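In the part that follows, the structures are each spelled out as structure tokens.
You will see two complexes here that share chain A, one where it goes with chain B and one where it goes with chain C.
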Partner chain A sequence: MTATESAAVAPPVPGDDREAARARVHRQRRSDLVAAFVAMIVTIVIALAIGFVILLIVGKDAVAAYEWLLTGPFSRTTRIGRVLIDTTTLTILGLSVAIPFRAGLMSLGAEGQLYMGALTAAVVGLAFPLPPGLGILVPALAAMVAGAIVGFVPGWMKAQFGANELVSSLMLNTVLVRIYGYILTEYLTEEGSTSVASAYLPNESLIPTFTQLTGVSFDQANLAVVLVPILAVAVWLILQRTSLGYEVRMTGSNRLFAAYGGISSRRVIILSFIISGAIAGIAGAHLVQGVNGRALLTLSVGTGFTGIMIAILARNNPIVIPFAAFFYSYLKIGGDVMEQELSVGTEIVNVILALIVLLVTSQFVMSLVKRRRLSRLEAKGQP
Partner chain B sequence: MIWDALFSTLFLAAVLRVATPLLLAAMGGLISETAGVPNITLEGSMLSGACAGALVGGFTGNPWLGLIAAIVGGAIIGILLGVLHLEFGADPIIVGIGLNLLVAGFTTFIVFSLLGDKSGTSSLGRNLLPTIEPGPLAGIPFLGDVLLGQHILTYVAFLVWAAVALLLARATFGVHLRAIGQNPLAAATAGISVKRLQYAAVIICGSLAGTAGAFLSMGYVSSFIRDMTAGRGFIALAAIFLGGMRPLGVGFAALAFGFFEALSIRLGNLDVPSQLVQTIPYIATLIGLGLFAWRETTRRRRGSGATGQRRRPVTPGADPA
Partner chain C sequence: MRFERIRKEYPNGVVACESISFEIQPGTVHAIIGENGAGKSTLMKVLYGMEQPSSGQILFDGQAVTIPSPQSAIDHGIGMVHQAFMTVGTFTITQNITLGAEPQRRGFVDSRRAVAEVDELARRFQLDIDPLARAQDVSVGMLQRAEILKALYRGARILILDEPTAVLTPQETIELFRALRGFAASGRTVIFISHKLREVLEIADEITVMRGGHLVGQTTPEATDEVALAGLMVGRSIAIADRHPAAAAGEVALEVAGLSCLNDLERPACTEVDLEVRAGEIVGIVGVEGNGQTELVEVIAGLRAPTGGEIHLHGDVITQASVRSRRAAGLHHIPEDRMKNGVALPESIEDNLIVDRYTGSTVRRHGLLSPKRIGRFAEELISRFGVRAADSKVPAGSLSGGNIQKLIVARELGDQPLVLLASQPTRGVDIGAMEFIYAELREARDAGCAVLLVSADLGEALTLSDRIAVIRNGRVVARFDDVAAVTEEDLGRHMLGAAESKEPA
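== the complex of A and B ==
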């Protein structure tokens, strides 16, 4: 899952001059990219087709359902807004897990980190009245710190004891979500409140929404959208242009080789978990300061796992993650519209997406394409 | 007051009941892990089994057909994992995440499509596999009210525990499973069909997790409820690691989680903040996981190597030595 960058490249034939060899490498890389892109499209089409057949089997109007699924998000501005909200949250979560994934570490702790980030943003935003600007920044930074701290725990357990990070991060999720619920119910919910939720944050701590800015209702979509490209590029820079990123990628592609090359996997594990936690914390801040304006008991069920799906779909490529997140959010809102209009369960969207993930990880389409290309080469008489 | 509650026969009976699905799923997962296939689809297999069991049992009115459907429903997930991992070489963990999401979405979708109710299959009425009546033995303390009168699958779970322990220790099949888990190449050289055994392992694993699901929807409660596994598959997974991948240890780890879960239910009734009490099993797992890994690391550092090769070795260099 980590070997995205270096596709198989034919060794230069002796006697060839360097320029030609380089050109061939580039050509090969370009055609690999095209093949990957085509494979992705074919994969999506296959998954959508399977979903279509499932709808037919259970006796639903599949054509009408797909019409709403694919056009629904654009039917109202509020729906466009909800696509933007989910794209933001899921991009942040996908980017957060991409770093440990690149290092070959299965961190499933984004959910807990998101809740802790949300809690911290709410507490800091409510406790310290701050001037505009700082009012947005300080709670968000605090959320990052909180996410980093809880992200550190499974990383440290892995580095120190070799504890399986998948299980420990999962267990920690449940613990943190319950602690969040406890603190919210006991300390942040005001007397006489009808629902379990904190008070609204002061205006200085809220991220301006597009509805306020444009006068058109975009639900709660807000300026945090700008974080999508910024964070994507930042994570790309960390992975591709820093020595830590180099160590992360080396550890992910060959742990033993990295260790013999003098890379401290202890440092890689702990740092990648900390950075991952910090990024997931921002997602919590986005939900509190941007979307809900306060801390709610249920932030969004299973977003952590959805973020993981996004990262897998994008093959841990930080530049692709925003597109995968948009794709998911678009289908999800489309699914909600479909359910409202036709009472076809929106969960079919999750089925379709899970199918895409399974097809992508098994390289189902890619292996077919490769096989065809090989047989064509053989037909031409080339090796 | 708490101590009275803890040693009441009601509480001990509850421990056995709560531990049943954990024990079944953990034994399934143990077989898969032993054979070298990391399996996080326990959650999905369990949910699939719970849904298939409740639907088939509910529509036919026969809980035994429901049980068969549950086993098949769980096994299908195992087969899917096997095909994608063994034939297509996909990462088993990522396939597991995908399958879990697939099942979570598909069960809710299918229940909603068939019954028009998203929350579960309660509209099909109560549908339960039988409990064993204690009969004339009911009056005997402990035996009568803790061990007897349990759900039939609770006894199955303990039988499975014993069977898996025997299988892995004595049977050729079990020894071969261990061999391919430790060194698939060497096992293949010795003439063991690695792929076929790994298929067998994931199918057995799925079936047992499906049985655990049948217990949830046709024993623990009387219908399928959306996302009713609620992380039990992952607790079972933790039990496998905590129990050191040995049947005896894994079984006791599952019982321990059952104890903590029953405790949290019990304490929740006693005006202790329920959210904090609910964290007990998970914190126990975290601590146990850390302790277990720490013990393994120190043992390996001493160079005894007594535990043998683990399937997923600790990161080289993670070792501070």
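== the complex of A and C ==
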């Protein structure tokens, strides 16, 4: 039997019907996107509402607190700047884990990679005086290489020995943060310095800040913000348009199918860890070359893990990650403002953020939205 | 029991059942047949409480009942044996049967009584099981008997069996049928869902035929035959049982010499298997499931490491080659368990179709994957292989089982392979898709492809194969070069071992 005859076996949706079906599929996909967006907004609103009730219960002025929380980040230009700084760092970290996450690999090493990136950027920036342009680029690229190298370790351990990447990448963080502290204290801190910190990097190695550029104070917010859309699109391209991205997606979706199709899981594991580490390394360079101008002993307290949360919040969608990072940073800074202006602690912001994470990981709102839509459709279906 | 104008419309607008009304008499075996997507599974889900009808009702003894959940179905005395067994591998057969309904003593499970009860039940219904064996260690046939006992243990009066014989040998099927007749004789009702018309004609008292969500006919085995039933099912006449032998076989394309391998439990699965498949012929491998055929195919495909022996593809040794290089050399593979490794269900049809060529120029442009080229490639395969899909961007998981199999066949046969490993290529697909897959396999063969067919369906192996080898305990125990002269019973005897075959069946 030939293919033409086979059409008779399964008279698949001829002409118009097929067009209609296709239109339905596209409508469906659009409405899925809308549903995802609605779910995100509803999640945040629910979390805010619960936080509001908690404030009322503990007898605080909830209305005033929320006014500061929600408008605070715009009350001063420096606060806008701080939102931008955090958005940049968290977007980079969120994107860094998106690739291994899509491959079904739990990489928790962003924190350590960030520290190694920061250390390398500082060392290279201080050791090699370079002309403007290269002065920014070379330490940042070195930070990527450093991040990639430490990212490679848990990936290689998994590919070679089947070591659990979750444990090895997590444990490696502790080691790397200590190494950072040791090198910083012993070799980079100048004699007579009052705090543990490296010298300031030469101006050529510092990313220009908006304060310098505009004359208005935007805290330390700097041009690294442009990396947010660039990296988001780059990660999207890697995942959607490259062979590696295809391999990552198939491996994450069905490991056995990938193996059956001839995809090497070894390659996927190692490469996704290397790329992940390289991206996280940029976050370190951003902190050293952009935000602080030097290497400080405490760069982040769990920022790497916040980045992981951002990726989960955005369901590993690289285009959504910047928005999730912005929302998070906005609430965080709003909380700080609230604390400064009123006697309401930032704890309530942590409660709200934790609620958001809980709601997202439980997929509670998403299933709610879907169910409502279903019942609406079914109601329509009834005569 | 009666279905009264049952209609089921899914939220996406698909009407799976349209105004289905018919009666099932107690004490009978009632077969429901139809292609995939004919609505029989949906109807059974409605009966078993897994789906709610959009309109219409189910009546027991003239009383309308609502069945909101499987638990409620069980309370109404309805039991279902699914196609995929729901067993816990590390539990014993008894534990699996009594799971969730264990006899208790002072708040603890009374395991001794459980074993006794299960043993008594098995004896009463002549379903031979070992109550103390672990589920992972027993044959598929015994697992199925355990599933049936599980339903009976919960007091089922109506037993739904979904494709029960797909995994059984002819001898096991005979035993199952004997047990089913016993149920019917004791006043219970059996609803038997199948694609195998011959079996339906053998076991059923009444036959209901569904097509496209409608009830298209009711008959009895006495009043019909295989050809008429097949015609009713697909709405036109077909003939799949005809043999179309190969014209002439060519060079040896695939050669397996002394191949040995282990199974997942590190026990020997294949021992010194020798096989030759020539270009332009189909060689069938038959055997009771779990006798090494699965592992053999996996080793040839490069998914399992051999412990000895060699594999030659057109003279080149590929024993240690990667899956990708085997595929590049023209070795394609229709996997046994399509849901396990044949597709990535959440991913689009497009992504599922390009897994063996995403590095190739057909789907790339400027060094990146080109959505336009991928779309064109996928649409072409979809229409050529008649995959029923609204769009090439929908997830593979939204397709029916038969269409998923067509998708896999399209991918593996889309460009002429040199060697094709076809493992259970028509398992669980409807008769239309089966006819189509048969035709495609023959077409590939006639174009010079060497096909190694593994099938648990002896009729299929006999229809398609030009030569047949029987595998038992990981060894090839019989070879037949003249398939026309072989019967299912011949094969069955070798599958179970010559020693057993001396006993009268």
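Simple rule for what comes next: the second predicted complex is superposed on the first by the 359 of 383 C-alpha atoms of A that agree within 3 Å, B and C clash if a C-alpha of one lies under 4 Å from a C-alpha of the other, contacts with A are read in each partner's own complex, and residues count from 1 in each chain.
Basically, a residue touches a chain if its C-beta (ideal position, glycine included) is under 8 Å from a C-beta of that chain, and two chains touch if they have at least 3 such contacts.
Since this is a predicted model, take the numbers as computed values, not measurements.
Undergrad: Taking the superposition as given, does A:347 touch the first partner, chain B, the second, chain C, both, or neither?
TA: Only chain B; A:347 stays clear of chain C.
Undergrad: Between chain B (first) and chain C (second), which, if any, makes contact with A:243: first, second, both or neither?
TA: Touch status of A:243: second partner only.
Undergrad: Can A:179 be said to touch chain B (first), chain C (second), both, or neither?
TA: The answer is first: A:179 touches chain B but not chain C.
Undergrad: Output check: A:253 vs chain B and chain C. Expected answer is one of first, second, both, neither. What do you get?
TA: Only chain C is touched by A:253; chain B is not.
Undergrad: With the two structures laid over each other on chain A, which partner does A:45 touch: chain B (first), chain C (second), both, or neither?
TA: A:45: touches no partner chain.
Undergrad: For A:137, using the defined touch cut-off, is the partner it touches chain B, chain C, both, or neither? Pick first, second, both or neither.
TA: The answer is neither, since A:137 touches no partner chain.
Undergrad: According to the stated criteria, A:264 is in contact with first (chain B), second (chain C), both, or neither; which is it?
TA: A:264 sits against chain B and chain C alike.
Undergrad: Comparing chain C with chain B, which touches more residues belonging to chain A?
TA: Larger number of chain A residues touched: B.
Undergrad: Just to be sure I read the superposition right, which of the two partners does A:22 touch: chain B = first, chain C = second, or both, or neither?
TA: second
Undergrad: In the superposed arrangement, does A:53 touch chain B (first), chain C (second), both or neither?
TA: Neither chain B nor chain C is touched by A:53.
Undergrad: State which residues of chain A lie in both footprints, the one left by chain B and the one left by chain C.
TA: Dual-contact residues (chain A): 1, 256, 259, 263-264.
Undergrad: Show me the residue ranges of chain C that touch chain A in the complex, using the header's touch definition.
TA: 9, 11-13, 54, 234, 236, 301, 303, 322-324, 326-327, 333, 335, 340-347, 351-352, 354-356, 358-359, 368-369, 383-391, 393-394, 403, 406, 432-433, 435-436, 439, 443
Undergrad: Spell out the residues on chain B that touch chain A in their complex, using ranges where they run on.
TA: 40, 80, 84, 88-91, 93-95, 97-102, 104-106, 108-110, 112-114, 116, 118, 231, 234, 237-238, 241, 273, 275-276, 278-279, 282-283, 285-286, 289-290, 292-294, 296-297, 312, 314-320
Undergrad: Could you please specify the touching residues of chain A with respect to chain C in the complex?
TA: Against chain C, the touching part of chain A is residues 1-3, 6-10, 12-13, 18, 21-22, 24-26, 28-29, 237, 240-243, 245-247, 249-250, 253-254, 256-264, 374, 377-378, 381-382.
Undergrad: Spell out the part of chain A that touches chain B in their complex, as residue ranges.
TA: It comes out as residues 1, 54, 58-60, 106, 157-164, 166-168, 170-172, 174-175, 178-179, 181-182, 185-186, 255-256, 259, 263-266, 269, 302, 305, 308-309, 312, 343-345, 347-351, 353-355, 357-358, 361-364, 367.
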